[in-house]
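Each of the next two complexes has subunit A plus one more chain, namely subunit B in the first and subunit C in the second.
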Partner chain A sequence: MPITVKPLPRDILLLVCRVILYAVLVVFGLVLLLVAGISLYGAFANPDLAARMAGMNVLSLLMVGVAFRFVQLLGRIIDSVAEGDPFNLVNSGRLQQLAWLTLAFQMLALAAHARGGDFRILHINGVEGLFSTGGGISFGGFLLALVLFILARVFRKGTEMREELEGTV
Partner chain B sequence: MVQIVKDPLLTAATVATVLARIALVIGMIGLGATLTAAVFRPDLLASGPLIGIGSGKQDDIPAAALAIVALTIAAFALLYDFAARLAKIIATVGHGDPFTLANGARLNRMAWLAMSVLGINIAQTLMSMYLPSNGMDTHMSLTGLAVGLVLFILARVFRHGAAMREELEGTV
Partner chain C sequence: MPITVKLDDLLHARRMTMTELAERIDLTLANVSILKTGKARAIRFSTLEAICRELECQPGDLLGYETG
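== the complex of A and B ==
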């Protein structure tokens, strides 16, 4: 007898998370555009600065790419809930990839920081650097990578155990 | 049959959560002692500063700096809870089945903890802007938001997945 899983009703929280994820991505893209615009403008005014910004732009582009892949994978995990059982090796692999992407993002952020320092987008009454995008590595990023690595392993081990159990029944 | 699962990464992760918790407790004790000294015995901090709070003179340790230290202690307490939940999730693998509603609830709590720490971080960053010379450079980063979001999503995935499994097992 084939087992049919009734489809889940749309989960609002998962939907909201998706919207937030894409909003973050849009903000990322806008920042990139802003940086590109500034560097293009700077290329005429200050060629030396433009050269520095060029490297920065490449790094930013890579960071946006990594972030995009991250959001894409997370979206697929969300979709897997609607497709049936989310506890499988595919999702475990996705989680592990998310962990590596987080680490890659941290490394890129570090490189961006070493290259350009803080992005001083706004100067308001001496409050500057607050809106820095290239703030170097952060504790939160490593925490995220660690948690993702652990959860990926939890998924894999859990799935393996389930399969073993089902095999014995 | 429940079998004990030995996985090097999970064992290392368990050790890491224990070490992190020990470090957080040491940090809380240290910061707590510093805070107490700064409030009640500022003269102790006058010569050879234990930790760089304020601008050097014991009289003008700004209230904002003290509040930031107090908030850091609070954040450490939240992170301690975070590490404890993570350790419990890892432990469920050893017990047999990690795909449970309880683990979903734990992930949900971890997400809220991450969000709270981010909130504290933002508050600290805003407060440190008012300090004349801040030796404590607090960086606000949005990775905390990413941690929270990912955990919220995974918590929901766990909840739905576990609920589906239970339903299936009920029908078989």
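== the complex of A and C ==
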């Protein structure tokens, strides 16, 4: 199968969005590596810590998975803007998916934060360090989910209106 | 849809082609075709007025309602 490379969007705003999306992916990858690193350290140096990190790892993996899907869907919406036809039912469905993913991310972050409370203070090579999950309930996250649900509805209604207008003679 | 468009009959009775009507009412041939085949979802009053003017008919002559 030939590998196709998507051309860069000519619109500067779309280009910036694309770059930010790739940057977000890189950051999530680094977070995943960090979690894996701490887990490996725990497995070799501190078996007790490793056991406590096990649940955290699963949550982290799920969060990275959710974030990856979020960025992927956002990228597809940006592509549809570049193609010149973003107002369609497919994008409405994507926005709704984004809203559910945001809610899922919030729930996972909350669970990670609740679990992370157990090992906020780590002792690595005799140095006391603070390991904070930094999660918890984020008002911004829930607001984003609400806005995405509304946008999905607006897109669906807009698509219906356009279809009706196209059928008007 | 129970609303029927009787444009075909009217054009036949007036001995007028779709192309000719499209030119007279300033509508694309594609849109006239959509209207004639009953695929239109809505009709503007301005279009209805132009068709009635050119075909010398009433809106009721162009549109019909079928029950069931």
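Here is the rule we go by: the second predicted complex is superposed on the first by the 141 of 169 C-alpha atoms of A that agree within 3 Å, B and C clash if a C-alpha of one lies under 4 Å from a C-alpha of the other, contacts with A are read in each partner's own complex, and residues count from 1 in each chain.
In this text, contacts are C-beta pairs under 8 Å (C-beta built on N, C-alpha and C of every residue); 3 or more make two chains touch, one makes a residue touch a chain.
No experiment lies behind these values; they were computed from the predicted model shown.
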item	value
Superposition on subunit A - do subunit B and subunit C clash or fit	fit
Which superposed partner A:37 touches (first subunit B, second subunit C, both, neither)	neither
First, second, both or neither for A:29, with subunit B first and subunit C second	neither
Subunit B versus subunit C as contact partner of A:167, first or second or both or neither	second
Touching partner for A:87 - first (subunit B), second (subunit C), both, neither	first
First (subunit B), second (subunit C), both or neither touched by A:55	neither
Winner by number of subunit A residues touched, once subunit B and subunit C are compared	B
Touched partner set for A:13, first subunit B, second subunit C, both or neither	first
Superposed arrangement (fit on chain A Cα atoms) - minimum subunit B/subunit C Cα distance in Å	8
Subunit B and subunit C footprints on subunit A, overlapping residues	168
For the subunit A and subunit C complex, residues of the former touching the latter	163-164, 167-169
Complex interface listing, subunit A residues touching subunit B	3, 5, 8, 11, 13-14, 17, 20-21, 24, 74, 77-78, 80-81, 84-87, 91, 98, 102, 127, 130, 132, 135-136, 138-141, 143-144, 146-151, 153-155, 157-158, 161-162, 165, 168
Complex contacts: residues of subunit C adjacent to subunit A	27, 31-32, 34-35, 39-44, 47
Partner subunit A, residues of subunit B touching it in the complex	1, 3, 5, 7, 9-10, 13, 16, 86, 89-90, 92-93, 96-99, 110, 114, 118, 125, 129, 139-147, 149-154, 156-157, 160-161, 164-165, 168, 171
